[in-house]
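Quick one: the structure is below, questions incoming.
Note that the chains take the letters A, B, C, D, E and F in the order they are written out, and that residue 1 is the start of every chain.
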Amino acid sequence: MSVKVVTFGELMLRLTPPNYERLSQGRTFNIYYGGAEANVAATLAQLGINACLTTKLPNNDIGKGAVNYCSSFGINTNYIVYGGERLGIYFCEDGISQRSSSIIYDRKNSSFATAKGDDFNWDNILDDALLFHYTGITAGLSDNVRSLLLIALKKAKEKNVLVSCDLNYRARLWSKEEANKVMTEYMKYTDILIANEEDAEKVFGISSGSDVESGNIDIEGYKKVAEELFNRHHLKLVASHLRESRTATDNGWQVILYDGKTFALSKKYNIHVLDRVGAGDAFVAGLIYSYLDNKSLQEIAEFAAASGCLKHSVHGDFNIVSTAEIENLAKGSGAGRVKR
Amino acid sequence: MSVKVVTFGELMLRLTPPNYERLSQGRTFNIYYGGAEANVAATLAQLGINACLTTKLPNNDIGKGAVNYCSSFGINTNYIVYGGERLGIYFCEDGISQRSSSIIYDRKNSSFATAKGDDFNWDNILDDALLFHYTGITAGLSDNVRSLLLIALKKAKEKNVLVSCDLNYRARLWSKEEANKVMTEYMKYTDILIANEEDAEKVFGISSGSDVESGNIDIEGYKKVAEELFNRHHLKLVASHLRESRTATDNGWQVILYDGKTFALSKKYNIHVLDRVGAGDAFVAGLIYSYLDNKSLQEIAEFAAASGCLKHSVHGDFNIVSTAEIENLAKGSGAGRVKR
Amino acid sequence: MSVKVVTFGELMLRLTPPNYERLSQGRTFNIYYGGAEANVAATLAQLGINACLTTKLPNNDIGKGAVNYCSSFGINTNYIVYGGERLGIYFCEDGISQRSSSIIYDRKNSSFATAKGDDFNWDNILDDALLFHYTGITAGLSDNVRSLLLIALKKAKEKNVLVSCDLNYRARLWSKEEANKVMTEYMKYTDILIANEEDAEKVFGISSGSDVESGNIDIEGYKKVAEELFNRHHLKLVASHLRESRTATDNGWQVILYDGKTFALSKKYNIHVLDRVGAGDAFVAGLIYSYLDNKSLQEIAEFAAASGCLKHSVHGDFNIVSTAEIENLAKGSGAGRVKR
Amino acid sequence: MSVKVVTFGELMLRLTPPNYERLSQGRTFNIYYGGAEANVAATLAQLGINACLTTKLPNNDIGKGAVNYCSSFGINTNYIVYGGERLGIYFCEDGISQRSSSIIYDRKNSSFATAKGDDFNWDNILDDALLFHYTGITAGLSDNVRSLLLIALKKAKEKNVLVSCDLNYRARLWSKEEANKVMTEYMKYTDILIANEEDAEKVFGISSGSDVESGNIDIEGYKKVAEELFNRHHLKLVASHLRESRTATDNGWQVILYDGKTFALSKKYNIHVLDRVGAGDAFVAGLIYSYLDNKSLQEIAEFAAASGCLKHSVHGDFNIVSTAEIENLAKGSGAGRVKR
Amino acid sequence: MSVKVVTFGELMLRLTPPNYERLSQGRTFNIYYGGAEANVAATLAQLGINACLTTKLPNNDIGKGAVNYCSSFGINTNYIVYGGERLGIYFCEDGISQRSSSIIYDRKNSSFATAKGDDFNWDNILDDALLFHYTGITAGLSDNVRSLLLIALKKAKEKNVLVSCDLNYRARLWSKEEANKVMTEYMKYTDILIANEEDAEKVFGISSGSDVESGNIDIEGYKKVAEELFNRHHLKLVASHLRESRTATDNGWQVILYDGKTFALSKKYNIHVLDRVGAGDAFVAGLIYSYLDNKSLQEIAEFAAASGCLKHSVHGDFNIVSTAEIENLAKGSGAGRVKR
Amino acid sequence: MSVKVVTFGELMLRLTPPNYERLSQGRTFNIYYGGAEANVAATLAQLGINACLTTKLPNNDIGKGAVNYCSSFGINTNYIVYGGERLGIYFCEDGISQRSSSIIYDRKNSSFATAKGDDFNWDNILDDALLFHYTGITAGLSDNVRSLLLIALKKAKEKNVLVSCDLNYRARLWSKEEANKVMTEYMKYTDILIANEEDAEKVFGISSGSDVESGNIDIEGYKKVAEELFNRHHLKLVASHLRESRTATDNGWQVILYDGKTFALSKKYNIHVLDRVGAGDAFVAGLIYSYLDNKSLQEIAEFAAASGCLKHSVHGDFNIVSTAEIENLAKGSGAGRVKR
């Protein structure tokens, strides 16, 4: 647990009807908690990292439930602060076959979105950290959070903490113009950028010309995008997962990395999807873990791809996984056999 | 279904952990929908009344779930309007033995609380209605709703529609001073007032001097309060349930009415509580039903008490009950025997 | 397992909503199987008796489910025959507090009710049996079954098999006049009669004058009834449980026996009811077991009372219990302590 | 809700073990209600049609549960009548992989099957209706229902109400000869016929010579059948879904229509089946909706196919779906992506 | 039930989190009981064989639960003995997609593993039996059980009872050297050997040179192994299932038999896996059943393959299946269609 | 979190059938983890103490589940060590009414019971601790653990750490003679002793002559026992809860303390029991918390009694509770009212 990674973002209560029931007719919800940065922390914690989630939760039993949940995955919750009015909520209906998963957000006015400048002591939080991770979602949540994030980024740079960002553009939160302006500024402090083709186009206007909504993977197109992202923002690493959404149940999954010199493309998985929410975050966590572990570019790609692949087999936003499981899949031994 | 009753108030999503689990450790929620006025409508609909719930719901699957739920109880949902941002939520933990039930509200900025003046066509809604029912909760929700309610009350008076009110003071929503001012105004349009001793003291400053938090019933004290309420506000009927909360599981329950001449006191039930939320509303519905049915004061008291008593045996805010079941209990025949 | 007891009656599929939900709003049913004579067999099997259920089940997966269920309790299912159209069903809603349990029967045209004369080889079935048990329900089901039962009773007498009967009058099945005629005939072959005051009055017109629907126990009144039953039908034993139904949750429970000379009255239990269906049958099984075990009249009363008492703590029609558990309760040691 | 459609048929209680458990070992049932005509009404109601289910239910809590369930989907239940002895039941085991789904019917003597001539006021029921829908199942249920249906059909013709029929031959209900005679008569009043190749052969003796049990789709063969059906019965539209049952989990699905001039063939879906019961009815509802909406033949085929396709992803007989969801799938945009 | 088969082995409590949850985060376990020889008995019992499980269970409620479970499947439990300290347990996590199923054993010091010489009266147990079945797991459990098994095998030979063995090597239980010595001795008494290529190599050092962990089926390689097994041990039949584990969800499945003259290869199934544990045992049971039924070698292969295939669609170790279901699948009629 | 308390003992997997089902017929288990010392730590952690559980868990997913569970309650798990063969298990059936709760232990050869001398670095573990807590259960588990405990006790004394002990004699683990010898030695290092009358008699032969199995509370008798315990072992505090087990559901509950000068007797609660396992440990935690908080003897008694009382309303071994909840109950305000 010597390696410390800090993530900063909103943790939400996720309510999902069980067994592919639909939201409008359900009688029970399964309770999960999740959020892009918390999801990354959850996987990292299980891989042995001192993964610190920095967020703000309401000071009631719902906030207590959220922190209990994080603790049960081994996340370091010491930097979480309490206060504000509510925990953001999202309702998530698991799709199957031709019926897509769908999500209804109810996250406005959350404790996190209304957090203020003195809620977080960044000097303390980032002390001894090797890496700081954030996403474009946090940037889009509110002016408050946007300011907090900039403070954190500057402090990270000052303390020589690596910074990774998952671009993750959400049209419901802010306009492309706002996102462009803010994220361009943030890129100055960012070393590793995870961005798929669609987000790169919407936020930075970088496009290869392929149809990003088609559900097909265009590797050559993405390479051009990655090169442009890398060069424009002076990054150390650009990465993306590549997903083929044939149906809600049947997906292709692959990972591509670019370090300015070479591209690494992982093997491709055909996945029977149980729950795809958080798979991108599990991929990011796998990337961070193996990057900090000084693996080769190809090894990072395979580890990150396997980490994200396994998330599709786990309910909830948080992956439940061990280093050994990811490595076994990445190395291709024994998939499908019963482990006794 | 010829008799039409209109209720106006907020419908919320209620999330309750099953089997007396605590909020902070649960993995599933049972889904109910409820709100004081909707609860009254649900019982009335099952008793054969054309019970119309007037409210505003978000235009998404959560709003759809709410209206589906109301429809399944026979509530007339034709006057519900759609729009706004969210459905209010409340988390409700069922208490047992010495552990009290507890509720966390997350209802701010709901579609209903932010409803506007032209959302409801009161002339149409109140057409042919015999009675309009509201509670002090609605009055406390927001300035928007407070104005809408005053319009409705004036329209009801204009159309000779009877008006009933459950005083239901909620300190989290507004101050005693605000409540006093608004509710005093509303009383001008109100015929039937349901108010317990605690609320009468907090809203109208009417007190008998007994300790309202002691959990004991002080019938003589309440009589003085009822007389004062009746006279001050020129009412047709004053009513209250009287609850002895020995533990969260073991309650005494009784009903008292005053019509300006005589008091009617129902028999007293010793209740093994399954879910007490909504029992007061079931009592109000029983009162309205039997009042409109021109029963004697004592019959109204017994029917209303039995209606509220039975609610304690049903999960969720809405009672599930038939006229025959209430009458059988009110008349004291066969309680406890298996019905074959 | 040397002692063989044969019971003859209908086995039904019982569908009960979980957790005190009401029938009209449920989304799931718990599945049990039960019927008065099968319930008796289930307890006897667990006490080590070779308890043979004689019945007829449909030859499909529902019938298979029923026989699997019986087998899992150790009931001897070798005499069950297969055919006919359907398994009888009953919907059972568990009551709580002031809400009574309620049952809806859907048992017409069942495989058992339409069984025919050559379905059962009574000579074989009753071979080596010590006791044959039936109830008034079976007698009331159909003409077919009524004839089959008479054949069985005559064969039992012929083979010197003891015969016990639980009078169990069900007004939905037949009239008092029919029941009187048939049961009077059956009494000629019956040695042990279990009959409460209400059934004795309805079937045989024997009354002590007490109000059988009041929920109160009238021991002196019952003694008169028992004496009359004993003498009129030349029985060896008359028995009844005595139940005080204060609410659906809170019951008093006691047992009384009469052997023509003395009355034995068990201790009285105050029961917190989980599921009372089948408690009478568990009492009968306890009576049969200890009667065949040559216990004293008082010991039989205590064992039978404890057997029935424990059934109230078990879901489903069938008791789940051991001889040791019944004896421990009957002897009064350690109730309420955790058994480690 | 201005467009009114009337369907006439039996509503049954459907009991299904959860999570692919088998009927003979289950401990719980999930509760659904369904029946071919009710299923059509459920989808239509969700698409905004005033969809009226005409049926008869028992006057007890099981009947109440059924009508509550219909109401929660928005079905107009005003024409439902109450009485008779029981609700028909069917036990349905969900298949998976090489294990087929299987159904056990227990529907005899239901309130609907024993309905009588004056139970329904067809003049009132069909008033202002645009379309009346029935299936061959209703025709096969009982002589009572067969007569009622003929009255309804004549009244529909008289009032210029369009009539659609799903041929749906069930060998357990009646012989091919009976079906041929009755359905041939009914065809005089029918405008739109939904019939697959197997049913066309069994009821009307119309065959293309292909093996209807092979699980393969023979489009050319079906075209001949459709032409013959169209011409022989002077119809306005002939339709069928085409299913490839590779396993219980893996199905191909497509729709074909014929309007006397041209054939329209929808795109073909590869479906991961969650629950296929009611998919045919969802297809029929989609067809009726888009037909009444005056869409082109190809648009009708695509909408009807998408409606039926989506049903496979929903538990229970009733589809849960919106117009937008069907249109999105029919137009091919974004299937498989998470909707946020 | 005239045909008697005896199996001898350990029955364990199997605890599996529901709905593909992971072991480390679960809040509930589904309860099953299983063990290789009990699994074989369970299928045989359902096919009408008098299938006797010989084992030892603790004399407490856990042992009672185990025997109740066996009884509910029709297994003959008369030869089960009671005593010892505990029931062995195994925790089984169902895999999905790229996440493999995994099993944690906690079976040491079980009542069975510590059984002693006089616990079983083999003369009585094997009386009138046609076949005795054991597996290499039993042989590996403990010295106690190994000795008991040798006694049983000698008694079987003495009484001319056929003997079948599933080689089933488990590296956690014993070394290859131990297994080789013991199983070579046991082969003297064995007529039918079920052994896959991996176990044949590990226990008997017989290899075709193909990669047994690759997940691919090498039929030609297996033929060489089967010939060598047959000849070396003077067997009557050698058999194996052949599994392609593409993912935990997507498997190929086929069966091969060798009778010293010809090889029989069943058709190949593409299976969507619900629960693969026990599929091998269901295959063995199908083989034993059809072998004792004197079917042709090809018929045995098809029946055994279909029996094992169907197990993948059933939760728990025990298959739930009928002779008709297996035959229908083996003959290829109607797979995928709903059975009504 | 500045106050550090260390507890040392076994953590077990607890498996309990839901909803008062019996062990022998269950199909699911609820999963909890518990053990006397872990239970104390769980309550202390929720009250804000740095509560460190010292134990040994197997290095597999079951051990991981156990530590995840502890973490979710805020227990400090940093001193837990991993290794050994298995997690101890106990099966616990919740009793109701006249049916007692019952427990089956399967804890032999657990990782904890087989822990060795160098597994724990007591110097480090006890550093800065204010109190060390153990129970007689740990002492009885094995020779290994007994030795480890003595080392810990000596180290605690050396470091001036207060020591509390819950005597908790378990006849299944060791004889009275062994317990007497070992516990007498341990008392030299113990400051606070929690011991009820029954355990005091069995371990130390101290008796007041009252019948400890009667279920009645004998306060005067206990006072004599407490004085003798206090004086003989030179303690700082002697404590016990006093339980009246009227039935498994209906219990009286009270607490008594003795500090060598005065006795403090808490108020008495009439409890409707949901789950009584761990109530004694919750009482002990309340005692430790308020003792370390320097409360008066009477305040300690009330706080400890309320803490234990509330545990009866929570599923699982661990209490779920806040300081405010305990204080509110101890002070008697608002029990039974809904908290909004």
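In the analysis below, a contact is a pair of C-beta atoms (placed from the backbone, for glycine too) under 8 Å apart; a residue touches a chain by one contact, two chains touch by 3 or more.
Since the structure is predicted, the reported quantities are computational estimates derived from the model, not experimental observations.
Both chain D and chain F are touched by A, B, C, E. On a Cα centroid basis, the chain most remote from chain B in this structure is E. The interface in A-D, E-F or C-E that matches A-F, meaning over half of the contact pairs are the same by residue number, belongs to C-E. Because chain B and chain D share one sequence, their contact can be compared position by position; here over half of the interface residue numbers appear on both sides.
Comparing the centres of all chains, each the average of its CA atoms, the largest separation from chain F belongs to D. If you average the Cα atoms of chain B and of chain F, the two centres end up 44 Å apart.
If you average the CA atoms of chain A and of chain C, the two centres end up 62 Å from each other. In chain B, the residues touching two or more other chains are 18-19, 22, 24-25, 27, 68, 72, 102. Under the contact rule stated at the top, the pairs of chains that touch are A-B, A-D, A-E, A-F, B-C, B-D, B-F, C-D, C-E, C-F, D-E, E-F. On the chain F side of its complex with chain E, the touching residues are 15, 18, 22-31, 60-62, 64-65, 68, 85-86, 89, 91, 93, 102, 104, 106, 108-109.
Interface residues of chain E, counted against chain D in their complex, comprise 18-19, 72, 269-274, 306, 309-310, 312-315, 320, 325, 329, 333-340.
Against chain C, in their complex, chain F makes its touches with residues 19-22, 24-25, 95-103, 105, 170, 172, 213, 215, 245-251, 276-277.
Those residues of chain C whose C-beta lies close enough to touch chain E in the complex are 68-69, 71-74.
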